[in-house]
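Please go over the structures that come below.
One chain, subunit A, appears in both complexes that follow, with subunit B as partner in the first and subunit C in the second.
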Partner chain A sequence: MDLLLLGIDGLPRWMWQQLADSGVMPHSRELLQSGTLVPMQSSLPEVSSAAWASIVTGLNPGGHNVFGFTDLMDGSYSLGFTSSRTFRAKPFWMRPASRPSLIINVPQTYPAQPFNGMLVSGFVALDLKRAVHPPDQLQWLESIDYAVDADMSLLQQGKPRFVQELRRVMTARCQALHHHWDREPWQQIMFVFTGTDRLNHYLWEDFEDLSSPLHQTFLDYYHEVDRQIGAILQRLDDRTLLAVVSDHGFARQRRSINVNCLLAEAGYLHLKPSARPSYSDMIPETRAFAMDPGRIYLHRQGRYPGGSVQPEQAEELLQELERYLLQLSVAGCPVVSQVLRGAHIYSGPFAHRVPDLVALPATDVALSGRMNLQELIEPTLINGRHTHEESTFFVRGTQHGVIPERMRVEDVLQVLQPEVQSLRKAA
Partner chain B sequence: MTSATTAKCSSTAGSITEVLLGGDLILNLSGQTLATGQTARYLQPDLTAGAPDNSRLQITNKPCSIAWTPTLAACLNSLAALDADRIVVVAEAQSAAGHSVVQRLTACGIRSLLCTLSEDCGADAFMDEEDAEAVAERLRQLGYL
Partner chain C sequence: MEFKGHVDFRACGQAAFRRAAEGQLVVECRRRPEIGYFDPLSITFESCSEWKKTDCGYMLEGMKVLILGMDGYLGWPLALKLAKLGCKVYGIDNMLRRKLVAERGAHSVTEIRTMQERIEAARQHLGVDIEFREMDLLDRDALFAWIREIRPESIVQFAEIPSAPYSMADVDKAVNTIQNNVVGTLGLLFGVRDHAPEASIIKLGTMGEYGSPLTGRPLFEGLFPGDAVLQYQGQEWSLGGELTPRDPVSFYHVSKVQGTFSVYEACKYWWLRSYDVMQGVIYGNWSDELQAHPDLNTRFDIDEWWGTVVNRFVAQASIGMPLTIYGSGNQMRGYITLRDAMQCITRLVAAPPDPGQYDVINQVTDVFSVLQIAQMVATIGREFGLDVEVQRIENPRVESEEHPYEVIHDKLQERFGFSSESGFADEVRHLFRVMLQPENRDRILAQQGALFPKTRWSGEHGEMKVLERWKPAA
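== the complex of A and B ==
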């Protein structure tokens, strides 16, 4: 096997090192001594769908067309949920020269698309029948009670029950990995642990609070992840290039703030009255609106049916919005730490679909872009949020490409497959 | 047109007005019909000039697309005399014609914008409609909606 790419969704680089050093993740400790671990910058925005798409294609969202879990369909206000069909760039396992690959639980790969290998889709997969390629592998997966996602409703029965569910789902996924690994001489395997992201979202406060009765529960889950990593390492020989990546970092979340509420308060967003507000309720007076988590779009004439912002008005409006977003505060705390121009950070054939601005949240804040404008600070059980900085990149050994000084998610393939990527870029 | 800068962007045939400014002249090499509205001005071959090689361009308010021929390249410098702030060259992403035209325009001191066209991202690129509610619920649970 040439490559094993292991994903650990939402694992911050610093936390992996900390848990390895403290003995919670002993296999990781040994692994980290055998290669290079660096912090990596997530995609912009720092959302899993866009970040994993960048990791597996080597492109930023302007190149692969996934900017978040939601997007508006071109020329309309219809909200669409991004899928494997939104991908307009080929992931590394679908490139013409790729030999058989085993791909399990990579987000944004649903519904499963045909290719030379086996794939079980990750988040937001709904129906296992449409999440598996080739379909004849479905029956075995059903026989082990493989779940495309954890049952999040179990949170209502308490966090311990929820963590138990995360463990059940991880166990089945790892069982599937080893079963299918044995079946064929795969050239490439990619497997992603995603329970870590869910755990971090809901138990981050317990991780930070050493006196929390669930602090140990949090650590125990990572210990189990590490045990599974150990089982994978045991099967690898030295010839296989091994890399471990995460899609974003994590930090505490104290409040989730709806950017569309702020834009409406400031007169940028106007909706007609509606029982279930949506983007189609925007009226032409709207000059800007947000989509999750911090994507800001000008309501441009030509791009949207009722768009009113003319090209010659755009620059002044962008500057105004930048100033506005950066000075915002809610409950005395800043909301936005940084505002970036879409035209500066994205490139590629889908650069015309990019958000005009991307706002990065201030400390303790998560941004959302709901159209229900009733609550500026949204009630949520979530207490951990994604960060753009400090996602994880690790590669074992020295037989790999140059690791950039500021490693980004779209650089992963260039480091792991420098020859393949160079040929691709030249083409 | 005194500043010979060239910019690049991408758009779709249906949303091209998002990149157009008032004083633009459009040189559409894409073969597609652009949704530009009634005030847009296009460049088209001047067939009345008795030039069988289509070697002159004129302004029209009628949306059109032209097939690029090397002989047209010779007349690009005459565009500097036209009443336009900028020439917007619209071409398919994989076409080399757009790049060579803007290179020539720059050499002639004419300000231009190369706009490459991409496919629309419509309903077929997203989750099936019958899955929308279930997906929305999943995303709500993680704070995305």
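== the complex of A and C ==
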């Protein structure tokens, strides 16, 4: 086998090192000693859908068209959910001459598309029946109660029950990995752990608080992830290039702030009254609006049905918004740490669809862009948030490409597979 | 009426619902799966590329509509209207109506072409393509295979034998009516369930299903539990313990009531979706599309079995034959012109019901007594120099001749944006102009013997007695 690419959703580089060193993840400790671990920058914005799409294509969102979990359909206010259908670049396993690949639980691959290999989609997948290629493998997955995602509603029954669910899903997923690994001589395998991200979102406070009764539950889950990593490592010989990546880092979240509330308050966003506000309720007076997490779009004429911002007004408005966002504070704390221009950070065939600005959150803050403007600070059980910095990149051995000084998610393929890179250029 | 706001994806047969992990409801467009998944409440009719605005409200672009009974009086003009609006129209017919009319010694007053010629004329004069297969509704293998192939988004069920006196003439005709209508509709429902469950079914019923309740209970528009007590204009009405109270007035009407229950049950068991249209007595032969060329004519029957009352009265007046009123002539019925009926059905096709929804639509615009109709036809006949005579004859039917009649018919206007485009007088004037053309007049005279009723509900034989004859005052 040429390549095994392991994904661990939401695993910060520093935390992996810390849990490895402290003995919570002993297999990882051994593994980390056999290669190079560096921090990696996530995509912009730092959401899983965009970041995983970048990892598997080597492109930024301007190249693969995944800017978040949602997007507006061109020329309308229809809110679409990104999927393999809107993911417009070919992941490495779908490129011409790609060798047989086993791809399990990679986000943004639903519904499963035909290719040379087997794939089980990762989140967001709506129906297992359409998450599997080839479809004749569905029955076996159903027989082991394979779930594309954990049942998040179990949070209502308390965190311990939720963690139990995360474990159940991980066990079935790893069982699927080994079962299918045994079936065929795959040349490439990519497998993603997702429960880590879910755990971090809801139990981050328990991780940070050493006195929390669930602190050990948190560590135990990572210990189990590590045990699974050990089982995978055991099967590998030295000829396989092994890499471990995560899509973003993690940090404490104390409040989730709806940027659209702030834009409305400052007169940039105007909605007509509606029982269930949506983007189609924006009136032409709207000059800017946000989408999750911190994507800011000018309400440009020609881009949106009721858009009113003229091209010659855009630059001034962008500068005004940058100033406005950076000086914002809620409850005495800053909201935004950095504002980037879409035109500067994205490139590729979908560069015309990019957000005009991407705001990165300040410490302790998560940003959202909901159209329900009732609450500036949104009530949520989530207490951990993504970070743009400090995602994980690890590669075993020395037979790999040069790791850039500022490693980014879109550089992963380039480092791992110079030959994949040449295929990418050919594609 | 404008269909503003969000596309109702429950009504859009193109939407498949999924529930994402965190409970977010998303829809997927069956027509364009490549565009991915959407928040159903973020899509408006204006923004959805699959809907376009027509004179009959927002309609799915290129909607696939299967018309069962496309060769008939209603089926053909509907096919033309929908095709002209941009629908992809498919049709079947076993051509039975042509055969049965000929067996009665009658024929369409306006000459009609073969289906092949009609389709060619539609292509030539309206620029539309209609796909037709000669097929019997009861040939379920063929029907199901075609449904599976087309995957229609709407199915209009007109493939029924539509004559009360035919169904009462003898046992063979009664059985034929029940067999074709009841078994045909029942089979269709299984075909839709198995091969196109998302299609909406527009089922043609008739106001005659209701009968004419002697209590004066209004003919409520909808489906109510048997123990419902409904209020109308301050008065309460019990439905008498029956589901959708029905009191059919012939075996033909019995077949329609059975169809109503079959469709209702299918919607309940299998989440099919249907509008059951209680149509009033239809008349006229005019529509924008039919007018494009005489080769596009729809059939126009006037005989005892296959004609309807207004059409027959105009034909009788045109050849100097007295207008024949059965019994007192005080029987009240709901009426609608062909042109308005086509608009109504088109609007129902355009705005399909929710999955599992069965709804009753009362499709009438006016309520008249037969006497009133005779009076109005006679009056308009005078404009054409006709000295019209009216005769009352012994009533061959078993029906109430004196009864209250209150039809509630609000839904088409209020929910579907229907607005009548043709009134009684104009439609009758148009009919006179057509009937009085010499070739058409000859074709009426040639079947004069078939205009006077011979079929008694009692099964007895013998000529109906003429009770009274007069010329209505101007």
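Throughout what follows, the second predicted complex is superposed on the first by the 423 of 427 C-alpha atoms of A that agree within 3 Å, B and C clash if a C-alpha of one lies under 4 Å from a C-alpha of the other, contacts with A are read in each partner's own complex, and residues count from 1 in each chain.
Heads up, the rule we're going with is that a contact is a pair of C-beta atoms (placed from the backbone, for glycine too) under 8 Å apart; a residue touches a chain by one contact, two chains touch by 3 or more.
Keep in mind that what you see is a predicted model, and the values were worked out from it rather than measured.
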Per-residue touch tally on subunit A - higher for subunit B or for subunit C: B
Partner chain in contact with A:S278 - subunit B first, subunit C second, else both or neither: second
Which of subunit B and subunit C A:F81 touches, first, second, both or neither: both
Which superposed partner A:I382 touches (first subunit B, second subunit C, both, neither): first
Subunit B versus subunit C as contact partner of A:P305, first or second or both or neither: second
First (subunit B), second (subunit C), both or neither touched by A:A366: first
Partner chain in contact with A:R255 - subunit B first, subunit C second, else both or neither: neither
Partner chain in contact with A:M73 - subunit B first, subunit C second, else both or neither: both
Shared contact residues on subunit A - subunit B and subunit C: 70, 73, 78, 80-83, 85-86, 123-124, 126-127, 149, 152
Subunit B contact footprint on subunit A (complex, rising order): 47, 65, 68-71, 73-75, 78, 80-83, 85-86, 88, 123-124, 126-127, 149, 152, 155, 198, 201, 256, 292-293, 300-303, 307, 311-312, 349-353, 366, 368, 370, 378, 380, 382
Of subunit A, residues touching subunit C in the complex: 70, 73, 76-83, 85-86, 123-124, 126-127, 148-153, 276, 278-280, 305
Parts of subunit C lying in touch with subunit A, wherever the complex brings them together: 6, 18-24, 26, 33-39, 41-44, 46-48
Partner subunit A, residues of subunit B touching it in the complex: 9-12, 14-22, 35, 93, 116, 118-127, 131-132, 134-136, 138-139, 141-145
